[in-house]
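Down below is the structure, laid out as structure tokens.
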Amino acid sequence: MSEMLMAPDWQASRWFNTQTPLNLAQLRGRVILLHAFQMLCSGCVSHAIPQAERVHREYAGDGVVVIGLHTVFEHHTAMMPVALEAFLHEYRITHPVGVDVAAAGDPIPATMRLYGMRGTPTLILIDRTGKLRLHEFGRMDDMKLGMRLGQLLAEEAEVVAGQGRRIERR
Amino acid sequence: MSEMLMAPDWQASRWFNTQTPLNLAQLRGRVILLHAFQMLCSGCVSHAIPQAERVHREYAGDGVVVIGLHTVFEHHTAMMPVALEAFLHEYRITHPVGVDVAAAGDPIPATMRLYGMRGTPTLILIDRTGKLRLHEFGRMDDMKLGMRLGQLLAEEAEVVAGQGRRIERR
Amino acid sequence: MSEMLMAPDWQASRWFNTQTPLNLAQLRGRVILLHAFQMLCSGCVSHAIPQAERVHREYAGDGVVVIGLHTVFEHHTAMMPVALEAFLHEYRITHPVGVDVAAAGDPIPATMRLYGMRGTPTLILIDRTGKLRLHEFGRMDDMKLGMRLGQLLAEEAEVVAGQGRRIERR
Amino acid sequence: MSEMLMAPDWQASRWFNTQTPLNLAQLRGRVILLHAFQMLCSGCVSHAIPQAERVHREYAGDGVVVIGLHTVFEHHTAMMPVALEAFLHEYRITHPVGVDVAAAGDPIPATMRLYGMRGTPTLILIDRTGKLRLHEFGRMDDMKLGMRLGQLLAEEAEVVAGQGRRIERR
């Protein structure tokens, strides 16, 4: 999937850590970090999930929205929502997490299929205008992620500057 | 529990990574590392379980037997044996793991209760004569664990030396 | 020192890893990461120097110029240029490093004094127009550094966009 | 060099962190960890030296004597005793460190030559009777080092047990 197409919306059958379901339209104007994971995927647990949680805790105030998506495509009976809920509690995850919608007769859930994800963890960045700007499978290091987020966040300053105003961020 | 009493036997309703159930009597003469964990305990997943697996892979040939015990005392529905099985597969755990026996009307399983464990992870070392030599709750660092294992392993040399023979180990 | 002033030029009595001395004027248009260190400062050796080297290796092609400055303010006899040269060789440092100019009768070298640095490591970011945008003493984590670099790098796109052209970077 | 020969004595032209020079004879009955390093060897600085310091701080009370030996075989002018002294101060090294004696016309110092060391870091373990029990070049992990130290420390219990007394250690 090209990285400059409009990002398709995700589908979630259930949400944790948010009062209301989240969708792309309501987040327009923000930079979105969407990370797809499975609670029994060791690379997700050791790296991708804590990294996403950290972005949520440190950069939510700068305009980054972090969303987890539980894309179970194997060991389905071991990763039911009741297990996910215990997992999120034990790992102290505070950012919103949706459960990717199961598709009839397909082990791969709907959003995972829609985005063409290759596995977990997958990291997706969507810019302030809703365009897909990064889609990466596997571990992403902190510096590279920071670099990409910094670039996407700066795009607001650009637009705002064109309107005669500039916002500096630390 | 004093650290020089005989270790009580564990009780497991099911085993993974072993053809036959394991018990203390059949392991007499070996140094036993028994680690109690829960698959959704983050300190277990990040440290205690990989540490135990490493001891198994590197020191089984020196006479250390590593046994995991899944002592579920919370989130029971999230950590059923089917979930544990997926977990062991995903985390590539190859050492034997038993499921601590549930006790009727008690959230704490039988062996956990019997040993008076305070939580997970708990690390227990049993010497070649079946005595309990270490019982520690929480994270144990590699050097300290190596030191204790080295001391317990050396006790064989001691006995054997008394019989006029000495074994050198790497 | 305010973070929006023009950055003053550094002074170096000697350079390593560059054919010609470097100065601010010739780097206008690039984002500059200037890191002040001492070869016997443990926080520099374990974190700041390898972090800077990594930015050099991975982001030089994106327009970041990394410059080390050896700001010796203690143990002067132990950190002479001959020792620094051996250090740079042993630690495989490939980015340009200047030796901050000693000031007569002052243990603190000239650039360190000029910038008002509090110690080592100190990290300084200078934007494409020569303005000082970050001045931080101590350890900076990778994600935060990436974020700041990403923002500064994006400022080129902003200017160029105003000229009717846009550059996308990976 | 076989690992069961008597360890030869080291030669030091100068000592740090000890009032009096140390030699093997006076340490008989203790387990000795001798680590050879260079202050500009990155593997020494990041791993071997802090590991040795940690053994010193945590296990000196159990009968382990930790000794560093500065075996400079390259960049001699960069690693003079004045530089070593600053290094030990900056890295908060508290265990005794000797400077290996320079040999006329040989870049390799005397003890390094005598022990046939291949480079730095080198780790040597000497048992309570003065025998060389381990001689390893390169990085040694904490668990393996703990294991070897535990075995050597246990040999005291063995001897003492033969005299009708037993000492338990934590």
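The letters A, B, C and D name the chains in turn, as written, and every chain counts its residues from 1.
By our rule, a contact is a pair of C-beta atoms (placed from the backbone, for glycine too) under 8 Å apart; a residue touches a chain by one contact, two chains touch by 3 or more.
Keep in mind the model is a prediction, meaning the values are calculated, not measured.
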item: Equivalent interface positions on chain C and chain D, same or different at half; value: same
item: Rounded Å distance between chain A and chain D, as computed from the means of their C-alpha atoms; value: 50
item: Whole-Å separation of chain centres (CA-atom averages), chain A against chain B; value: 38
item: Between chain C and chain A, distance of the C-alpha-averaged centres to the nearest whole Å; value: 33
item: In chain B, residues with contacts to at least two other chains; value: none
item: Touch-based graph of the chains, sorted into line, ring, star, complete or other; value: ring
item: Full enumeration of touching chain pairs; value: A-B, A-C, B-D, C-D
item: Contact set on chain D toward chain C in their complex; value: 40-42, 45-46, 74-75, 77-79, 82-83, 85-87, 89-91
item: Of all residues in chain A, those that touch chain C in their complex; value: 4, 54-55, 58-59, 141-155, 157-158, 161-162, 169
